[in-house]
């Protein structure tokens, strides 16, 4: 494990400085028009640690997404770990919903998460109770709005989220994971919500399907079912998420999406699974110590439908092919080819874009 | 003391990485309309240290207030401590005026400073001479404008500030503090200044009294008188600040404000006082080592008058009730209830808002 | 060497936290109107290190130039140093062109680089191969656009850059440096480029000569020749850069500029030269250990012509006088007087501004 880490002599304070950098380049074909280019997808520094045995803290900032007030703040919290049955966390952190979303972007099988990640609730300010063991995990919390939403005269939105997972098998080489999540959001005084997705590619920033702002929204909820399994170098993972938007004018809307993905590590390592989320790949042969790293092949099918009740966001299906190379435990190089099979409806009806993108990453 | 700190073997360089996080939530009642919600009040990382015995440096950034160029920079300076009679500091730091303002936001008795903090001059770029002993302190400096003021074709404003304090009693358990401050500001080519205050609450960002931009201003000055005392677990503190704005069109304006506050630490600790400013509370019983932390009750009355000479900013008085819990020396949880007794004049004439707000904080 | 630096026990990970702060103030005379004031020129924190012997990483952020997405990111890269003939670097870093530009702003002889720095290509995202020995260096790379350019529907620009240097003499006290650089840029879908320069002063932000946006640009290239030499406390340095802009409408434009500068260290130290760029001055007598630091005098003449083919950017010549004081290896104080001899053509025809500016700097 890298990073600057220091423990005081009396052991009452230990802290660690971590970082990550993801440099991406992408080239696009087909319609809609998307600009080729490069970007830092994430450029983060984090400062975390433990004070007086039972108090964890973290502050992480993403320099690749600064701008409005506090926008780059990702994880920023205080946690109390002194209770036996649960940890209590307060601050800004990921709302506990969706296996794909909760898996660190350092460790996702592909460069970008699947299309249904449009339904993830992102990081929010809130308070959460949670616990994890080898075979199960649960988390539930109450959340306010995202950091950047500074209300002025409007009340911010709020929500409640819960997720439970069960791993009947989890021995370090084999695992089976089942998960269920529920996310409820009240939109506050704004009464708006919108869902959209890029073509599983971030560089151009162009969305292929997009509901735009849905107005007169009272509240909405997401329900998600998760399934994952691993057997040595093989791993599979899938999710189905459905979303119901309750509108004050009576026209409720239902959206949904799903994905299924599989990976195979050519060099024989096992993709890690812990605490109800996927971990990364640790190469057993290291470049810099005479080795060649770990190599992984990956395949994904994903689908997202954002059209319902007069809202024409569009529907998209995409096939993604990926290769990952892990030269050391702290490095990753990825190449992904995303083939959007067809967009039905929405602003880009009948378009079939494709993307070739690469990433170099260090993280610790 | 926490944070990552390292000294080189030859002792010529020592440095420390510090941080703080304040997560707030607030609920508002009454008029004017203020939106309930949550925010990070401060999310800072600092890097500070000493080089070659006599050169101090610091760079601190607040990730909760990024945006325009350099806006999040708080303390950023170089100081020479090799002279006997005084230290010389150059860079960006707090203008030495007002006990309430100069006391770190980690340590203020309430979540937000009192209404008269509208007159504090904030951090500015400048050069300062200062010295402190057990019984007295002084600081005086010349200051340019705030970091974010990038003039283009206009000359920036500038100012001069001085403050002296005397503590006839200061033995670690008892103290008496007297202070006097003077702050002068020339508004530069802009010729503008404005004063305003929120309801001692930052989440909604709505000001209850506000002069708006006062134009044709040649210069202005603030004079402040400070009084504070401590006796074991008891502490009291008060200030009176008057401000005179000199306008080129002849209509000078006088504004003023004051507050008085008292705190009592139920668990018997003593609020620290050092170098002419208030310190924090160090619990003698620590949560995580079998203890319960320190508990403090607090009460404040504050008043601010921003109406004079045809400028109708309004006048407000507020009563604040607070509870602080310090589970460890690095943690603080606070709950405050602010009752604005009445707003007289200004944009929110006759309004009587109230606020309930909570904060969780780690800092080291 | 300062900063927080830590090596893991197995030596597989070492990292360092660095920083720098440059606080400037400037006063302007003559036309065009430029506002007196102060600013942080640079306020950076960097996190860098080596993983598994052959992988270097760095992430540096400049808090003085935050704003749009990722704008403050300066050096952010991953480098592989395991090949014998060359290092491979991927990420965001300086395009290898121009001795003046490639010399760290901590170490440049004057507070600001010479007028022809208008032609430097700045930092870009890209991939570069490079190598350095005592007597020569070379670097060549392919670069995308700057981080802040997020295309949306437009393809970003790209370019290729190469530089070679030869130091027939380089023994630590004497050196002779010859360099040649070539920079090519395709402007992408935007088809625009512009060149401008301030009066070798950054505080007011006013440009004295400026082509504005040149449109219908297919591509452009810069060619630069470098010469530098040192003899004990004496150093000289000069460059000539010519730029050719190829326009789709047929009117190609040629711009050029040059500078010559000389420094003399009164206290006898030698300005460092390494890896094809200038280094800083390490005082042999240190303030804080009974010494007085190192003192340096400097003189520069620079010239830049941005008028050609109907584009009236203007031409300027400037004489700069400088004094540098290095109290410790980590500190520098500078005072510069810039005398713009005359502006010919462009928006500020016949103006003759002058600037007095000072800087205090810590860096490690």
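Order of writing sets the chain letters: A, B and C. Residues in each chain are counted from 1.
In this section, a contact is a pair of C-beta atoms (placed from the backbone, for glycine too) under 8 Å apart; a residue touches a chain by one contact, two chains touch by 3 or more.
Not measured: the values here are computed from a predicted model.
S.K.: Given which chains touch which, is the overall layout a line, a ring, a star, complete, or other?
M.R.: Contact pattern: complete, every chain touching every other.
S.K.: With touch defined as above, tell me whether subunit A and subunit B contact each other through largely the same residue numbers, more than half shared, or through different ones.
M.R.: Homomeric contact, different residues on each side for the most part.
S.K.: Could you please state the distance in Å, as a whole number, between where the Cα atoms of subunit A are centred and where those of subunit B are centred?
M.R.: The mean C-alpha positions of subunit A and subunit B differ by 38 Å.
S.K.: I need the residues of subunit B touching at least two other chains; which ones are they?
M.R.: 4-6, 17, 66-67
S.K.: State the interface residues of subunit C toward subunit B in the complex, per the touch definition above.
M.R.: Those residues of subunit C that touch subunit B are 1-6, 17, 19, 21, 23, 25, 32-40, 43, 45, 63-67, 203-206, 286-289, 327-328, 330-331, 360-362, 364.
S.K.: Please output the residues of subunit A touching subunit B within their complex, sorted ascending.
M.R.: 4-6, 8, 13, 15, 17, 47, 49, 51-55, 57, 59, 61, 66-73, 76-78, 82, 90-92, 125-126, 144-145, 147, 149-156, 189
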